Amino acid sequence: MSAVLYGVLAAFFNGLLVGSLYGLMALGLTLIYRVTKIPNFAFAEYITYGAYAAVAASFVIDPVNSAALLVAGILFATSAGAVIALASDELVFKPLWRRGSEVLQLLVASIGVGLVLRYSLLGAAALTGGKYLEVRFPVTYQTVFSVGGLASITTAHLLAITSMVLFAIVLHLLFTRTRLGKAMRATASNPTLAQITGINVILVRRITWLMAGALASFAGFTYSYYNPVNPESGWITLLWIFSAAIMGGFTFYGVLLSGLLLGIAENVVGFLANYYLGIGSEYNPVIALVTLVTVLMVRPEGLIRMESLVVARRV
Amino acid sequence: MVEAVSGILVQYLILFAAYAIMSLSFNMEYGFGGIPNFGKVLFVGLGAYTFGALAAWITLGIGTSRLGLEIVAEDEPAYCTGTAKYVFSQIVEGGVMTPLEITGITLLAVVAAIAVGAVGGVVASYPAVRLRGDFLAITLLAMGEIVRLIVYNSPWPVCAFDGLSGIPSPFSVMGLEHNISVAVVSLATLAAVYIFVSRATNSPWGRALKAVRDNEIAAMVYGYNPARIRLQALAVGSGLAGLAGALLVIYSGNVNAISFKPDKTFEVIAAVMLGGSANNLGALLGAAIVAGLLVFLNVSSLRALGIDLPASVGQALPYMKFTIIGLTIILVLLYRPQGVLPEKPLKTPLIEWLKRKLGRK
Amino acid sequence: MGSAPPVLETLGLTGGYGKNVIVEGVNISVGEGEVVALVGPNGSGKSTLLKSIYGVATVLGGRVLFRGSDVTKLPPERKTAIGMNYVPQTENIFPDLTVRENLEMGAYLVRDESLVRDSMETVFSIFPQLRGFQNVLAGSLSGGQQRMLAVGRALMTRPKLLLLDEPTAGLAPKIALELLDLLVNVREEAGVSILIVEQHARRALELADRGYVLVSGRIAAEGDGKSLLAREDLQKLFLGITG
């Protein structure tokens, strides 16, 4: 096989993994956005904290038993993310929402929450001598199959792709088929009316944050399973996540596809640009950012909308 | 001790002036105009890159020819090379350029920084007339990151990740103390900007800006063109941001794209929210507090003030600053959303006259 | 044989927002199967009275009896559960849900699937227009259809009493009058008593069994629709209002 094709294949495989992670992460962001209308910048930190919590699990569980460690990592991560997400709503977003704050104020608040979470973690890592400025889940992925040794599909691929597809389906069915999901949408659509029809609006909101936080930190766990994680990992990924969510029009299947596309574009286009034009991979994030800006300029309601239910935003 | 403390105070005054100008500009756009320019740092950066590149390019050109040197640079601007650093140091030593020349170059570069910032603002008004609220904020933030990433990785215009450094201080060439001179000039500039912004926001144009913020349709009914007013606000605001960027480069002599991450915008947002949205005095107050946080929560500053920190705390301190800024944003939103100094009701001669009449009755 | 208590009775009801009194000392009643119209000039407190009954506005004094029991302090969702329902004047649908989902959400407290299906059938038979739009987003319906959906949503809990706050506000006069005619069918088909606040006073009183005239937060007149319409002193009031 020619070097170019080989490189493209490797980039494609890598893009699958990264893209699945973007999609997975964007699902949680979408859930929060759909129910509470908050473009939550603090979402990035739920991912990071999830990764750190997963690593913390390895201090508790005997690292010899890798299956038990994986389960413990997932449990630690999801519970930490769920709790932090819920806490950020109870302490910050809900009080603001009750007062009738505008979306923009909620956005600014989420930036504040994000700064507090991210820099506290950085501060804590620095205080403890910098040992935790970068962590990695002790169980590493295995190659499942490989083309010529470098372009491979690994267990990390399987984990990321399966969980992304699974969660997207679950969320879609939740929103369209179940009482809880419809109650979530009703709460988003008209909270006052939802309340008087007997929907426990507060409970619905809590469930939403718990789910989204767990989802974010599960993604964080998956991230730490294949890549070292530092306190800024989530933040650095955030604009990709927003790109995927906005490109997908905040619909679950659309977000999944957008995440995949962005991940693959990042790697394949990045590889080709490097190969033919000598442009370094450090420019890759520009792909996500340009996509984000272009989609918002041309079609702010999203490019790949996989659901008829979302009414066009009345911008 | 005294010298160290006064050194920090001078540093504080400079940063205060720069942050105050950024805050005044953000406040004009967001507080008065309702335009969430979360890409503020982009325009500060544009000013900094423009000032740095232009000032370095011209001084280097004159310097090399007078010193009889020639610089060969491949794939990067001549001012990024080691020889350029030598030329710059010779210029600071004195004798190569006259104070008049260096002043002229500096002023020219400042004007260019303002102009490029303003042009950037005009470009930013393209999304600003099409999007609102959160989507606009995200768009501008992303635009800022795009430019930063490109500038950080490309040798043009400011030497990629190494940054452009050693730009000769015009004050040193004039034989003045650099920091104190920068402080004086910065504060004078701030005073001028404050007067300008206050007058602008209190003028009929400022009322139109508020009208567009509060009710776009009503504003249109009264004959305002919201798109044009947004464009003007962004152009002026971004020009001021460019000026702040130029001041930062004059002060440090360096420019590196890594300093223009979104966090800087968040600092400005925190300052304006803390001080009081749509209140210019509030923007000054907020900038004073945020600049204080940035300057004094520093290992070297604290040491100069006689406070010695354990090494680990010292390591954590740069991060804790941002934790505090984040907390400030949250607490202000929760407990004092109008800021320390709330927006003042409109004052016009007619309203004042009516108030007096009614009061007398 | 003692007569059954009225479906709704207010005793000296005083209500408003915070500490602001808007309606004061109101005594009204709605009997089993009755349609009662509440009319009066703008700002007389008709809507606030309805909201006080349902618990959306603050009750500052007096009592609300529902089928003989005191429900004054019950929160709105509890009132929904025991057979009262309320259609707000604005924002009375879920625009981002389909018509069908709106109705499902209306029956959120009803656990029995077959009851929900039956109620939905009833709603579609009263408002046949809605049947064809079941999977359409409510926000894209026409104004008149949205009102029908709002009333339909409230019927999903099979209430004994329906509180309608100006269901025709903002509609074109022709559509408004059609909707009012349909509302009479609601009583027949759903077996519900209705207390309706209405701008189209003349038409509302013609259709209603009885009416109350509210002026400045107090009941100024009451009686059956025809006698109220005939009263000389109230003519100015009816002329001042459309319909």
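A, B and C are the chain letters, set down in written order, and residue numbers restart from 1 in every chain.
We take it that contacts are C-beta pairs under 8 Å (C-beta built on N, C-alpha and C of every residue); 3 or more make two chains touch, one makes a residue touch a chain.
Just so it is clear, the structure is predicted and the values come from calculations on it, not from any experiment.
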item	value
Pair of chains with maximal C-beta contact number	A-B
Closest chain to global C-alpha mean, per-chain Cα centroids	A
Inter-centroid spacing, chain C versus chain B (mean Cα positions, whole Å)	58
Distance between the centres, which are taken as Cα means, of chain B and chain A, whole angstrom	33
CA centroid of chain A to CA centroid of chain C, Å	46
Sites on chain A touched by chain B in the complex	39, 92, 95-96, 99, 101-105, 107-109, 111-120, 122-124, 126-130, 239, 242, 246, 280, 282-283, 285-286, 289-290, 292-293, 296-297, 300, 315
Touch list for chain A against partner chain C, complex	179, 182-183, 185-186, 188-190, 192-199, 308-311
Residue numbers on chain C that touch chain A, as the complex places them	54, 56, 76-77, 80-81, 86, 88, 91-98, 101, 104-106, 108-109, 137, 139-140, 153
Complex interface listing, chain B residues touching chain A	36, 126-127, 130-135, 137-139, 142-143, 145-146, 149-150, 152-153, 263, 266, 269-270, 273, 312-313, 315-316, 319-323, 325-330, 333-334, 337
